[in-house]
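Single-structure report; data block below.
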Amino acid sequence: MAGLLFTPLAWASLSLLLDFRKGRCVSWLGMVIQVLVSLALWYAVMERGGFSYALGGWEAPLGIALRVDGLAVTFVLLTAAVATACGLHAGFYLDACKPWQRYFWPLFWFLWAGLNGVWLGADLFNLYVSLELISLAAVGLVALGGEAAALRAALRYLFAALLGSLAYLLGVALLYGRFGTLSLALIDEQLASCEPALIVALLLMLAGLALKTALFPLHGWLPPAHGIARSPVSALLSGLVVKASFYIAARLWLELGDRLGSPWLAQSIGALGAAAVVWGSWLAFRQPHLKQVVAYSSVAQIGYLFLLFPLTFAVAEPVSLLAQQGITLQVISHALAKAAMFLAAGNLILSIRSKRVDALAGVSHFLPFSLFSFGLAGVSLMGLPPSGGFAAKWLLLQASLASGQWWWVGVLLLGGVLAAAYVFRIYRASFLEVGDSDDFYHPPQSLEAIPMILALLALGLGLVAEPVLSVLSLPFEVTADVNEAQL
Amino acid sequence: MTATALLPLLALLTSLLAAVVIFVLPESSHRVRILVNLMAALLKLVIVALMTWGVFHGVDFSVSFTMLPGVSFMLRADALAMLFAGLSAVLWLFTTIYAIGYLEDSPNRSRFFGFFSLCVASTMGIALAGNMFTFFLFYEMLTLSTYPLVVHRGTEKALRAGRNYISYTLGGGVVLLLGIAWLHGLAGDLAFRETGHFQGADPALHGQLTLIFILLIAGLGVKAGMFPVHGWLPQAMVAPAPVSALLHAVAVVKAGAFGIVRVVYDVYGIDFAFMLGLLQPLAWLAAFTILYGSVRAMAQIDLKRRLAFSTISQVSYIILGVALFGPIGTVGGLVHLLHQGIMKITLFFCAGNYAETLGVHRVDELDGAGARMPATSTAFTLAALGMIGVPPLAGFVTKWMLGTGALATGVEWAVVVLLLSSLLNAAYFLPIVYRLWFCPVAAPWPGERRWGRLETSAWLFWPPLITTLMLVLVGLLAATAFSPLSWAQLIVVRMYLP
Amino acid sequence: MSSALLYALAGVALCGIGLAGFLLLNHLLRRLLAFNLIGSGVFLVLVGLAQHRGGPDPVPQALVLTGIVVAIAATALAVVLIRRYFHLTGRTSFKAESEGDGGGAGS
Amino acid sequence: MRRVRLFVTLLACAGLIVALAAAVLDVAGAAVSSELPEQLRASLERSGVEHPVTAVLLNFRSYDTLLEIGVLVIAGMAGISLASTNSLEDPALRSADSLLYALQRWFVPVMLLLAAYLLWAGAYRPGGAFQAGAVLAATGVLMRLGGLPMAFIRPGILLRLGLVIGFAVFLLVAVVGALMGEAFLAYPATMAGLLILTIEVALTLSIGMILLALFVAAPVTDEHEPEEGAGS
């Protein structure tokens, strides 16, 4: 438990002192540790259910507690997988000769620490600090290298992130004023009925988090930031970072939404998500640059996540569970698939020496591996079987049908078709034959293997969805023995 | 894990693993690739034969595990599954041999054979799927794995056809998914069962079930090339000949037709579907597609396009047979699934041979080809005659069974459709046969190549001859045990008399 | 109405003004200042509202200290980015050069 | 068009103010007195410091503070990663003002003393690491403007060590607690005061360093492209 929080922070400080190459060796060691610790925590939760962990030995209202349950541990594991892949890829991909690249590792580790902080956080203010940790580390990663376009994207990102955080904090201030505690569990206990002021608080928090998650129409900052960053960074940002703020929003909604929400609110959030699916896919289809396509596809895929709100509000318990499982699968499969896609796109850009989609012509001759990874990741985004994306879509379809909200069925199906449109546009471009000349750069095997593994994970997720989801429904015991939690 | 669970998995894995191995192999290792291809094809044939033997003796091959809450992945071999699995296993072997010859010295072979194997794995999965969910899984996998084959040549035209193909099939997939998800929400996880699941279902649900049926058939109809949604098929002819052979004779169109059979018999149950009044419109649609495809085929100059429209027409025989609501008609439809596969693959092999050896793509360029390529032309002629329904070839058996079935259930108009269709078949096939044998060579062949002793490369020479032999044999020996006809009768017996 | 509540209401006003500034201004530094204004407003609300209940409460004070440090870090980073951006492009806002300076659409 | 935009934005902000004010009044009316302050008073003795705010910052909610310092380090790091000069020295900023130079000789020691006092005072009255660090940074800014040589401000190992030392010490203390069988970030009761003081000293140094680095990293007036001369 301590290791999970300590390792990334310690490695952040350590790698700051080293240059890129040494930092790389040290970081790879750190990744191994981190993966092992995550697995151990996952195993512990599998064995005896969730527990809460009081930091510093101070229990919840006074101190900060961590909540370790099935959902949190699933995300911790997901983070370990995706971040490790991105870190490995970055080690080969980034140009070690550029002096600023040494700052990649500390920022990377801080990002990881912040993510783990969010997954495990049960304290509203602590979540705010973790979010800021993530945002600043992400902005720093985008700006790394300091070119004008990157700076511009980083600044837009920073402004959006800050505004979002403040809106969230304002909501926290109201909640603290009302309840005198920051622990989400205690607030949930004390909240008896709906009060208008608390609705304002919830709206503020959701709005702030939606801005940070880039929900339509607040998505303007995402594509430049994700499109312009180096590929491993884009993969981290799209795969994990946007999920952090969504995760908090989802937790808030699932804990407090039943009393503070209203059908009107739930449906409008869902409608925004639906609009994001359609609009993001359309824009993705129109982009001339490969990474912009992938970035706009993130906007669309994030839209699906917000269907959680209508599908869990005022519905029967099993239906709500279906929707939650579907959304969790969507988060996982999108994280894996999008990371694979960005990494593969990075390889493709390396080898065609251009960022444009139409420069891909003929590349299927010589680079089937990265292209294949890209394609497999695309299968998951399109929601075709047996990918995790399909499993998620299936569960959401079932939830929409069972809750009688059939209009989301149309969104889910249309989203798949639109995703197919922009993914096949890339395939099409790459299958075009233009002579036999092989003037492509061939990236090393290690660069090509990583996105492949991620893509295969995303693809195979659908087949093992049941065991993955079974962790979510493990019981949560509030009384935890602190000493046992030492991992 | 017992052998009964292992065999269906193995049948899938042979081609799946072959695909993986081929993808990993470097482009230049041709010999290893050929070896892997042929070994996998032979192995699969053996496994399928074993399973067929087992199913005949009542062994239950099945394997399943839970994939999602409430949904399981399920493979199960019943008699109907083995019909389709057998067809694809046999034809995969010949198409592989043919494709090795056809693509000799062309680029991107690693990619081609990889996706080719994936395609067969999907077909096998479709055949062995034990419920609608698993069926859909492989159905979409088939869509994806055939796309790279259609656009294989990488020309503008091929890419356009590919886009068209993918729009149709993915669109169909979406409709199908909606139907399956809705059905699942209504009735839970439905394993395929010989009598269907809705015998005596709540009348309040009938409206919804009708709607779902329409969705399912519409989604499946796209791949089966049924009338309003057949547009992708003629365009997909830009693909290399082995792909056309596989797509049209085995994988894609048959997957659609097979799915329709599954839905009608094993999900809804034939009696229930009839009671809902769903079979009558289906029969009309099938009949219309039969005539429409034949009429359009007559107008085509390009040989492969003519064959494509012929496929559109022929596949609907299967659907017509199913929709006739009688055991004999069903036998005709099912046996046509197999017979048409053999005949059509022969025709495409021959068309590919003409294109590869003589550079001929158009019907009017074929004058006198019979003298230059007698064996291929004989094969073509026999297959064409079979298509028309000349006894004792394969096509005659199916048409006879279909006609008998129609009369037995009192659907006389279907017999008229069959006769009309045969006339039309003759009208677009016989001129080709005439040109092959009786017209003198008008002009030098556009792109002639020579291979030693045989009229064409050995890889290309033998497959059509073997399939021709098969189509003669299945017609002649239709009454013996283990012929496709008796197997189809076995299926129908099990379906109607569970 | 206690004085603590007054603080909270002043904080609310600052939030609104800051938000308007953030949305309407184009110059990056001004937007940054507007953001700081919102930040101050939020901190005022946080302390004021908690104070109102029963005398001084050290927890929100500590939270605000943390919040201030975070805000300073973010502001400093933003200033560095803005300066660097200005250095490279000579621009002080996100909008395209062709629009000229002055008003117009924001980011 | 612009006028409409202006109007709508102002209206929206006014609406926000009204809604928020209503919410604040509503909450103020409904607020329950929580037991948190009592709990805090009860636990203060065990925290190792007397001032409640410092106790919350560095003991009860030390995790927040740890992450907060992390945020500062990130900002400092990202700042110096963008700096394009080798030494971060900016000649244009040096003023040759002799009065400033003369005053410095008085101010700098006094400010250093003030920083030390603030740090020490944090244990029982308002003050503490951040305030002390800020004064330290201000001293640095003054020296910098006055043109005193500050060779250590360059993106070398020393600066990076300075950036991270406070954070690292904090983290080390946190993990030592965990290794000794307590929770992560728990201090052994007898040593809490001493440990907190150690952390505070290291933090003061680091915070001063980070803020100063951010100050000197920001102005970049040389005309080099970033690729040419960045970093050490």
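Order of writing sets the chain letters: A, B, C and D. Residues in each chain are counted from 1.
One rule holds for everything that comes next: contacts are C-beta pairs under 8 Å (C-beta built on N, C-alpha and C of every residue); 3 or more make two chains touch, one makes a residue touch a chain.
Everything quoted here is computed from the prediction, not taken from an experiment.
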Set of chains whose contacts include both subunit D and subunit A: C
Nearest-to-centre chain - CA centroid comparison: A
Computed distance of Cα centres, subunit D from subunit B, in Å: 71
Chain centre separation (subunit C, subunit D; CA means) in Å: 18
Distance between chain centroids, defined by C-alpha means - subunit A, subunit B (Å): 43
Subunit B-subunit C separation of Cα centroids, rounded to whole Å: 67
Residues of subunit D whose C-beta touches two or more other chains: 20, 24, 27-28, 31-34, 36, 40, 61, 64, 68, 71, 74-75, 78, 82, 226
Overlap residues in subunit C, where contacts from two or more other chains coincide: 8, 15, 45, 49, 52-53, 57, 59, 63, 66, 70, 73-74, 77, 81, 84, 88
Touching two or more other chains - residues of subunit A: 125, 129, 132, 136, 139-140, 143, 146-147, 151, 170, 174, 177, 180
All pairs of touching chains, each written as two labels joined by a dash: A-B, A-C, A-D, C-D
Subunit D to subunit C touching residues, read off their complex: 2, 6, 9-10, 13-14, 16-17, 20-21, 24-25, 27-28, 31-34, 36-37, 40, 52-53, 55-57, 61, 64-65, 68-69, 71-72, 74-76, 78-79, 82, 130, 211, 214-215, 217-221, 226
Subunit C residues within the subunit A interface of the complex: 8, 15, 22, 28, 31, 35, 38-39, 41-42, 45-46, 49-50, 52-53, 57, 59-60, 63, 66-67, 70, 73-74, 77-78, 81-82, 84-85, 88-89, 94, 107
Of all residues in subunit A, those that touch subunit B in their complex: 322, 325, 362, 364-365, 368, 372, 379, 382, 384-386, 390-391, 394-395, 397-398, 401-402, 409, 413, 416-417, 420, 424, 427-428, 431-433, 436, 462-466, 469
Touch list for subunit D against partner subunit A, complex: 19-20, 22-24, 26-28, 30-36, 39-40, 43, 59-64, 66-68, 70-71, 73-75, 77-78, 81-82, 84, 157, 160-161, 163-164, 167-168, 171, 174-175, 177-178, 181-187, 226-227, 230-232
Contact footprint of subunit D on subunit A as seen in their complex: 1-2, 5-6, 9-10, 12-13, 16-17, 53-58, 61-64, 98-100, 102-103, 106-107, 110, 113-114, 117, 125-126, 129-130, 132-133, 136-137, 139-140, 143-147, 151, 170, 174, 177-181, 190, 195-198, 200-201, 482-483, 485-486
